[in-house]
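Below are two complexes that have chain A in common, paired first with chain B and then with chain C.
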Partner chain A sequence: MLDRAELLGLFPEILLWDTTLILLVLGMMVARTPARPAAPFVRTVAWLGLHCVLLAIVLVGVGIPITINSIHDILLTDSFTHCCDIFLLVGTAGTIMLIVDHGGRDTLRAFETIVLILLSTSGMLVLISASDLLIMFIAMELQTLCFYVLAASKRDSECSTEAGLKYFLLGAFSSGLFLFGCSMVYGSTGVTNFEELGILALTRSWGVPDPSTGIPIIGILCIVVGFLFKITAVPFHMWAPDVYEGSLTLVTAFFSIAPKIAIFANMVRVLNHCFHDHDWQSLLFFASIGSMILGTVAAMAQQKVKRFVVYSSIGHVGYLCIGFAGGTTMEGIQSLLIGLLIYLFMTVNVFGLFCAVRPVRSQYLGDLGVFGKLHPLFAITFSLTMFSYAGIPPLAGFCSKFYLFFGAIRCGADVLAGLGVVTSVISCFYYLRLVKLMYFDLPGEYMIPPRLDRDNSIVLAITVACITLMFLYTSPLFLVTHYMAMGLFAESGVGFSGSVA
Partner chain B sequence: TLERAPISGAFPFRTGIYGSMTSRNMARAPMRPEPIPNAVNANPATSGHCAGARQMKGEISAISIMAIASAEAAIGSAIVPATYRSARPIRTDQSNSLKR
Partner chain C sequence: MISSALCSPFNLTGLILCPIAGVILAGLIPEDRVRFVYRIGLCTSLFTFLCSLLFWIRFHASTADFQAVEAIRWLPDSDAYIVIGIDGLSLFFVVLTTFLIPTCFLVGWSSIPQRKEYTIVLLVSESILIAVFCMLDLLLFYVFFESVLIPLFLLIGIWGSRERKIKAAYQFFLYTLLGSVFMLLAILIIFSHTGTTDVPILLTIEYGERRQLLLWMSFFASFSGKVPMVPVHIWLPEAHVEAPTAGSVILAGILLKLGTYGLLRFNISMCPVATLYFTPLIYGLTLIAIVYTSLTTLRQIDLKRNIAYSSVAHMNLATLGMFSLNIEGIEGSLYLMLSHGLVSSALFLCVAGLYDRCKTRLLTYYGGLVRTMPILSAFFLFFTLANMSLPGTSSFIGEFLVFVGVFARNHSIAGMGGVGIMIIGAAYSLWLYTRVACGQLKPQTLGRCTDVQRREAFIYLPFIAGVIWMGVYPDVYLECLHASLTTVVQQGAFELPRSEDVGPC
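So, the complex of A and B:
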């Protein structure tokens, strides 16, 4: 059965599951009326949830990242999952900190939002550690089902429930497709464990005509398509603008930050171990090109703040997929992890800024003009983040794009690097246009910008510090991501220096 | 023969894909993707008997997938009344409140 070494790998998940159950029961017991608990109670639940996540960060952080194969090899905990868990929990903690201060403004009326966030975070933690196709699917479904409910959580808003419905319809479709791929792979090989699939991938031929040998291409492609749906890469991004715009801003923040980390981490593990160096590479190549182009072109035409951020995150996903371009090389994976961490900080920052201005109901980009004149600190933070997104040198965004393009050139994917540079230049237009709107344009209507709350300010301060200082002092970033990539490649005994086909 | 299982599973799969793409009635829409996990179950349920016969991986996968599919159907069916309560669109092509 389970022995102590196996449970060590599961401590953060167990903590989050227990907290979810306790908070849910607490909510049931303390609710004033059956339908609507009081806002201070929501704030209490949010603080408890935040402390739970911070405790989980401490638990993961002080744990020794040994490699554990848990529970008959369905979960694999090593240095890669260790650091990805920390990234994910930091992102979740940042998002919950943005939520806690809204208890006073009575916009988050259901404590279940926090409970769902914690539950989906636990699903994502299991997803990062998953080493088996079935566990990967179950964890991904745990995360996604919580997200469907979160998207529809503002029940009296037409936009939010429509966003939830659209997310559900497209998400169910993509989960079915993903599951079809998993079942094809299992049906033809009889194994679901990633390590065993990796061994099979090397030793057998990949022929489709004779289905008794090798893993069918349709299975691999369906799995990759399922992943691309979840990270909103281009041919499969259609649900993202509507869903992200219709949900609550806090929920959109969580959607943009956390699943990208978890699903990219799981993608790296699946594509690196199981389906090593094969036809998924061209699919990710085209997804990357499409995401970069679409994210750039579509973001230019946006008038609303949240849709703008969605398209810019689609573009960023395109840049991150460049890391997969050269097959599974170590530089590619390392640059992807660098890009992911920097994307995490930038996105938490942007959503911190948008959550701060939410009460004044500024939905359109033109409303930003107020801040340059009346709230200079906000404007400076926003400008730094926009410059970082655009990839301007003394900031972290330049660092991430540089290493991604550098990794692409090293692998020989010059098209991706060239296209990435061109789209970065084009994206400078719309990112800097926001800075121009803030400083040089008169807003349509004047409004008094709200004071930033203490928790929001803490999150913004930490993320801006990371964005500005990460370029100057990059060695922690590189050490951590190198350590992660080494952990990923070291424990798989298979060869890993792939090249572009 | 073993090749019949994915093939016979492909028929409900195709039905589910078609249904989830063309559902115009909002109340039917969450139920339309339901044949997809059912079809997908056919593969592990039969292969589990043959290939990975040490543990009953296939049969257990089939049960887990069924549980998750039913949870998904429950959530979808719960979102529809919330939509109806706030905005009464019966047809899916009338839900355009998020158009730019």
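So, the complex of A and C:
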């Protein structure tokens, strides 16, 4: 039986599940009534879903972040998961807010989209607090299954169908690899719980030829590769551009925000908490280098809006992976979390802008012209976000890059810091190109400036305020992430050794 | 100390926030009343100028400590404070910044499109530039040093004059950024080894020799682009030529000073051993730059490009004087920077006056200016003479002190620099002036032009007053600089090798 505290810890998940069911039933009933034959019910469902997510944020927020092991130790709630939950829910709320207004438009007829988003969010909540290989895999599958459906949700578009198929095949493949890794670990240790694996890893040495005495490296590498697939790090990024381009813009927004948070949180938990030796580190090292270089070089040649965003997000995943290069140091994890949060703000902002211009026509970057003249607020918002992506100082993107490079230098990964600095200079070139398109170029044909609806404007205003003003008062961000990293290391009892300079 | 500073009404934070208040006001002006926005910009910048004068008045010239220091906690766990303060090195740059910005508003009073955005961009860049010179924290210095790129990129790109402006904006941005990232790495290294980025603390730390060389090179990579030294000076003529007048004034008047200010504050003060080691490199680069750009100036036919190249020559002379590493040389170099901030900005204003009327900057279309525009020609002559450092103007004092300093270190270098700047400088200045103002009147461009209006004439007056005041009575400025510079020279122990150099040759 669950006791009171465990039940309290699971409250947000329970809320999301219940809302999902209620909305599903409600949607089915209302959408099929003969009285309102063709009324798309999406707007209402999205609105309700948004409030459910906001309520979940409040629930997580007011809960005291005590360490709870619930349901026979397969879920672990502590300060780290607590804050990650909030990040994730904020990201989801931001994405749904972008969707609300699209309910009335022709693009999104099926209210199931919202239901699926809520369902996958609950899966990601479980993923963040997973403390067992099995529950981790199940949560990840719940999330990705929802994503397969979401990617293929626009049935009359060939691109969307193709995206769904590609995503499904490669996602299933990576899940298979991941599961293989899990079973290797289980087979050689007989344990699936993170806590126990961590203890095992402390007592046994790695890479012992006899597989029965230690955790096999192959198993861990398979798990890491599975993770790299999910976060679209470089050698395993092939699916991302096609999938992101094919899906609906709103779905793409959700893809590139929410799962990154959940999977990075889970990666930190698994890699630093239970496999806290450094065999996996070289793999992430190379993934980081590869992602930075490929993200930078490939984004330079893009003409389409969404492909551009994908490659730039691949580059940012590379920067975030620098945080792992520090291994078990506090700075590494802290910089990763800071980078993740700032990435969240910037990406929500960019997709808010793209959703706003979407109905007009926004497939190509060249279409972004005129906004400098016709919609100056839009243009300045977009430019600030681009400067922030490029890491130009007073903006938030600089805070994240600076601290990531600082973490890298602190732990001796000078190569990563140097390469990151160089690639971020090169990346300035194409971020500036967008600013140039916006302001300096005169387009051949004029199009109607976008209508920014109310919810979208709120999201944009909040994120732009965060991006521009963050450097004035960074203390809360640094304190929260510091607290999270502390919470992560408090149980495992390792990690402080590395942080001493 | 900190709390009392925060309570006083006119402190540095207030000075930095002054233009920001103007930005907020200008942002609130509705679209249909946009005419009004320019007055707000002008009034805010004038008020900021008056406030900055207050700092000059209250400045204690007898101490080398940082004054008007304020500290605000920034990062929680790493002792990173927002520390601002001024000393003799930075005081006049702050005043120069606030002096030049109202001019930028006045010069484009009638001809600028998109005024609201223009006002906001100018005021934001003013605030950032003041912050750069006040910042006593290495990391935040970097933050503001870089962040001025954003408003200036937009300024050049949006309000620039021709199609080439995009290339110019790109070059400006990427040259500066590429250099500065090395500085970022150096800052990260310093931060991770000392745990602080507070400049007064960092000035007391002595690094090992190898590390000093590394740090020095990283900082130099950044500042040499801004100065600009010779291999990386290409962005400057492009950016100057394509920028609007206000952009040229800010670029020439303030932005070039960032590089030399950074060299003095960080390279010379923080890495004295490496500074002595690299002095020949600086001498070589600056001499090449002085002679080369002076010769290049001779064959330019674009008015703005002409002045831009002569700016390169003068800034390199300032760097040469700075690395003579004695008090006269460094004082002279700072003085030359201030004077150049006035003179070359005023020359850009003159060119803007011509360009607004004739819509061309090519020298071949000009001639006989005195016949149609006598007043503008008089102003132009005055500033041309000041640019070639006629005795009695501010540049003369600066160059004289620079050469005194460099002569004490090395005769032949001073001689070459002197030949470069004095003779070729006089040649290009006079030739430029005669080609524009004397000779046959060219009626197709200058025939219908009227002389300067009253508003335009008033813009030049403060510049003339400043140039003459600095030229005949330099002591007001020098006494504020003296204490801080003495400390820099004594801390670096630069005076020791001097006794070997000086002597009967």
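The criterion applied here is as follows: the second predicted complex is superposed on the first by the 482 of 501 C-alpha atoms of A that agree within 3 Å, B and C clash if a C-alpha of one lies under 4 Å from a C-alpha of the other, contacts with A are read in each partner's own complex, and residues count from 1 in each chain.
Note that a residue touches a chain if its C-beta (ideal position, glycine included) is under 8 Å from a C-beta of that chain, and two chains touch if they have at least 3 such contacts.
Here the structure is a predicted model, which means the values were calculated and not measured.
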| item | value |
| --- | --- |
| Partner chain(s) touched by A:Tyr364 [first = chain B, second = chain C, both, neither] | neither |
| Touching partner for A:Trp47 - first (chain B), second (chain C), both, neither | neither |
| Contacts of A:Phe11 with chain B and chain C, given as first, second, both or neither | neither |
| Contacts of A:Phe440 with chain B and chain C, given as first, second, both or neither | second |
| First, second, both or neither for A:Val422, with chain B first and chain C second | second |
| Partner chain in contact with A:Asp242 - chain B first, chain C second, else both or neither | first |
| Chain touching more of chain A, residue-wise (chain B, chain C) | B |
| Touching partner for A:Phe402 - first (chain B), second (chain C), both, neither | second |
| Residues of chain A at both interfaces, chain B in one complex, chain C in the other | none |
| List of chain A residues in touch with chain B within their complex | 72, 134, 137-138, 141, 145, 148-149, 152, 155-159, 161-166, 168-169, 172-173, 175-177, 179-180, 182-184, 186-192, 211, 241-242, 245-246, 302-304, 307 |
| For the chain B and chain A complex, residues of the former touching the latter | 3, 5-6, 9, 13, 16-17, 20-21, 23, 26, 29-30, 33, 36-37, 39-44, 46-47, 50-52, 55, 57-58, 60-61, 64-65, 68, 71-72, 75-76, 78-80, 82-83, 85-87, 95, 97-98, 100 |
| Residue ranges of chain C touching chain A (in the complex, touch as defined) | 73-77, 117, 128, 139, 142-147, 149-150, 153-154, 157-158, 165-166, 169-170, 173-174, 177-178, 181, 184-185, 188-189, 191-193, 195 |
| Residues of chain A defined as touching chain C within the complex | 372, 376, 380, 383, 387, 392-394, 398, 402, 405-406, 409-410, 417-418, 421-422, 424-425, 428-429, 432, 435-436, 439-440, 471, 474-475, 478-479, 482, 501 |
